[in-house]
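Structures given as structure tokens follow.
After this come two complexes, each holding subunit A, first together with subunit B and then together with subunit C.
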Partner chain A sequence: MRSVLALAIALILLGGFGPMLAPYDPVAINIPKRLSPPGAEFLLGTDALGRDILSRLLHGARWSLGLAFLISLISLIIGTAVGLMAALGGKVADWAVMRTTDSFLAFPELVAAVVIAGLMGAGTWSLIFALSVTGWMRYARVARGIGLSLQTRGYVVQAKLAGMSPIAIARWHYLPSLLPSLTVVWTGMFARAILGISSLGFLGFGVEPPIPEWGAMLLDARVHMRSTPLQMIWPGLAVVASVLAINVAGDMLRDAISNERSQS
Partner chain B sequence: MSDLDRPAIGIGLRLLSGLLFAGMLIVVKAVSDDVPLGEIVFFRSFFALIPLVVFLWLRKEFPSGLATKRPGAHFIRSGFGALALFASFAAIARLNVAEAILVAQLTPVLTALAAVVLLGERLTKWRIAGLGLGFLGVVVLVAPELGAGGGSDRFTGYLIGLISAALAALALIMVRSLTKTESPGAIALFFVLASMVGALLTLPWGWAQACLAALPISR
Partner chain C sequence: MIATLSGLVLRAIVVLSGTAFLTFALLWNAPGDPAQAIAMARFDALLSEDVIAQVREEAGLNRNFWAAFWDWVGPLMMLDFGNSSVTGRPVWPDLWTSISYTFPLAIVSLGVGLAVSLPLAILATRRPGGWVDRCAVAIASIGTAIPAFWLGLLLILLFAVHLAWLPAMGARTPAHAILPAMTLGLGVAASLTRIIRSGILEARNQPFLPAIQRRGVTPHAIGRDHIAPHAAVPVVTVLGLELAFLLEGLVMVEVIFGRPGLGTFLVSAISARDFPHVQAVVVVAAVVFVTVNLLIDVIYKLIDPRIAARDA
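For the complex of A and B:
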């Protein structure tokens, strides 16, 4: 549990203060120093336009991690609302909502995101929209599943008999039971969002250049992959490390929660 | 049929391990003229990390098996191991691969000595004789090379090789004490991570833009 907290704090610090640690302006072009190897002047070297890779990575952390946080949060809200609607709305609503969710799930996530981002044109907002629209279904399924299991609980039945509105029941009786499971799902989706942003960035549908985003950095570096592969290693390493770390943290969180449940 | 009943697979894997290890040393030697030591160590560890994580994941030891109650011991073991890795690659850069391997053969001798000093193992007559014989064996093979000239660089190489063997021996002693409470996967993983971090610290002294052209084969 402690390591999960430490990781969360580290990521927040990286997103918040990372750019302040950057030794150079991430978009400052310095052609004479282009494609420098790592050294004392540029710790991780420079890219094809002579921009310092370390500075770009640190600034990119805010974009990659921040956008992933935003996207996973938007999907969390949409998915929870949809799932609760299915659980509380009766048989017809349940059927309609869950078939919609299934149809969304049937599309390969990344392909759908590429199509949406492509139709809307490359840009930060279309990136957020594309990844949120394709990322909410898991939350909906989890929320509905737990919601249905709560339906026959005494306190829920009593609340219904007392005339509480479905929205109030959802707020006061469903959400507290949902939150632990949804948090675990959220860590997985957070990691997937980082991957999604980087993938779309790599395919050219990401944030507008010259914003330093990890996937876009990979795309820029790809051209020079054969002569200067180190350039590609750093953003790749950043993506792998953060995705792995968040997934591991999510697993630990799940174990901790299920331990607590089995003890109580 | 249990896994223990299939010696052919065991022998095959052991041979494969030896081949791959030899291949690694050859490549390390080949790139050591153009690529700084820290960079070699980093990528050696980086690519070791990938199969290691996959292996641990398949055995369901990742990440739960990595939790440790003895971070300090891991730190010391990984430090010794990483320094030994640095030193052995540095020795390979200055010597022929065969010579570097010969010096590295001192590791078991030194491990036995360190076990006597640090773990309080008993030193019998036979063991002293065995250790002496092992040491003599290395000296016999190395001594003619020492006189063969080549200047101080070769001497430094032998010295670094010796230091590497000593560090590796200390790391092995630590591993022995760690295995009582820690899983082998965790020990290996922390070592690789420590090597990577140590190698990254050499960034300010400059890395080369490594590419295929650094390998002599493509010249």
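For the complex of A and C:
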């Protein structure tokens, strides 16, 4: 478990400092050296355009992890706002908001993201939009559930009687209770976002081509599977290691929170 | 029971209408000129404004939003998906062909998932914390972290390229389905193993078990009559999520293995901007998804009467 936490910290550092460690320019094309095997000059070899795979992986960390962080944060904000609106807005608002949420959930998230990103055309912004718009529903459900359970608590009732506005109540009395559970949901969605970005990249609906994103690297590598199979291994390993580390960190967080609750 | 059932059905209808509206609104507002894309797909190059305008007229893209929406929804109620805007052929036969490739694959993958996860979870819970258990948990954690498309590529690399045992691309023979089914099935197995394992462990902690044991009931009978139904509840709960995972995986896996199923149909329709095709896939997937979730809700209430009592 401790080793996985170390891996999670390493990932954060990788996202931040990875590009500085890259030995070459990740988009520099070097045709004479194309598809070279791993060796002293290129530690993990080069791709079909002679670009250094190690450098692309390290730069890719910033794109894949950074975009996943951004996307999971945007959907966290949307989902929490929607969920609290349902919990605080009364019965009609609750029904309308939750049926809207169900409509969004009536479709596998990644498939919806493929449709949206595909129709908007490849690009970083459409990727962010597609994955954020399809990723907020779980937060909304959790936020609404906890919000409804808080409604009858003494301090919330008193805050209402004291004339606090619903927005102030949401800010000061609901958000602090929501944070632990939402953080656990967030780790899961962070991992899902990494998978989503690489899936869209692999389908060619992801970030623009020269950008070294892990899924797009896999798409490039697939064509040369027979001649240089190793080229296909590295980006996949990077995705699996990141998702695994984040998932396990999320599990540990959930266990820690439920332990604390059962003790208090 | 009938009241809850009709409530669930009503909810499913509301949700499906919402999905249909959202889909149509999304496609209608998608950036880029669909008429131009269709004209490109049909006539290749050398497009004048005149040609694009004619295509726009023919594909019905020059109407206002609501008129177009009702023109789409009306026939949809009669299961008429309209004609492809690229080829002009009716959508349904082509859609049906692709479903006939996707549906068996999905079922076989679910079967593979269950066939792997059930014995693995039972074996793992024999001695919780033992090395079998730890291995099972580790495999399951890694399995949920592997993207389906990468697992598919690895399997192609091993079984099709290196060993040359199995075909990788296409869907001509049943052998072509082995690698895709393995890819999806292993993904399903990974998440199911976790759920079944924790379900069994939780059922073991139930306070009534020692009492039954002291009455002299055999461990086998306890497992069958008391632990299995308890462990089934969380499994049924996640079946909906499992289905979503399966549909997401199907899109990627079909593209990798070149199977002409729903996923390939969807991706090529998106690239060609063939809106009737995209809409048809979205509607079919949403109907399947909502129906299955509805069934799960019903089964859930049947196997665990406490839930029905709480909801009523």
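Just so it is clear, the second predicted complex is superposed on the first by the 255 of 264 C-alpha atoms of A that agree within 3 Å, B and C clash if a C-alpha of one lies under 4 Å from a C-alpha of the other, contacts with A are read in each partner's own complex, and residues count from 1 in each chain.
Note that in this section contacts are C-beta pairs under 8 Å (C-beta built on N, C-alpha and C of every residue); 3 or more make two chains touch, one makes a residue touch a chain.
Note that the structure is a prediction, hence the values are computed from the model and not measured.
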Fit or clash between subunit C and subunit B when superposed on subunit A: clash
Touching partner for A:Ile257 - first (subunit B), second (subunit C), both, neither: neither
First, second, both or neither for A:Thr100, with subunit B first and subunit C second: second
First (subunit B), second (subunit C), both or neither touched by A:Val239: second
Broader residue contact with subunit A after superposition on the shared chain, subunit B or subunit C: C
Subunit B versus subunit C as contact partner of A:Leu195, first or second or both or neither: second
Which of subunit B and subunit C A:Arg226 touches, first, second, both or neither: both
First (subunit B), second (subunit C), both or neither touched by A:Val115: second
Which of subunit B and subunit C A:Val248 touches, first, second, both or neither: both
Subunit B versus subunit C as contact partner of A:Leu49, first or second or both or neither: neither
Doubly contacted residues of subunit A, that is, touched by subunit B and again by subunit C: 226, 229, 244, 248
Complex contacts: residues of subunit A adjacent to subunit C: 99-100, 102-104, 106-111, 114-116, 118-121, 191, 195, 198-199, 202-203, 205, 218, 222, 225-226, 229, 232, 236, 239-240, 243-244, 247-248
Footprint of subunit A on subunit B - complex, ascending: 53, 62-64, 203-213
Residue numbers on subunit C that touch subunit A, as the complex places them: 11, 14-16, 18-19, 22, 26-27, 30-32, 141-142, 144-147, 149-150, 153-154, 156-157, 161, 243-245, 247-248, 251-252, 255-256, 266-267, 270-271, 273, 278, 282, 285-286, 289-290
Partner subunit B, residues of subunit A touching it in the complex: 35, 37-40, 43-45, 226-230, 244, 248, 251-252, 255
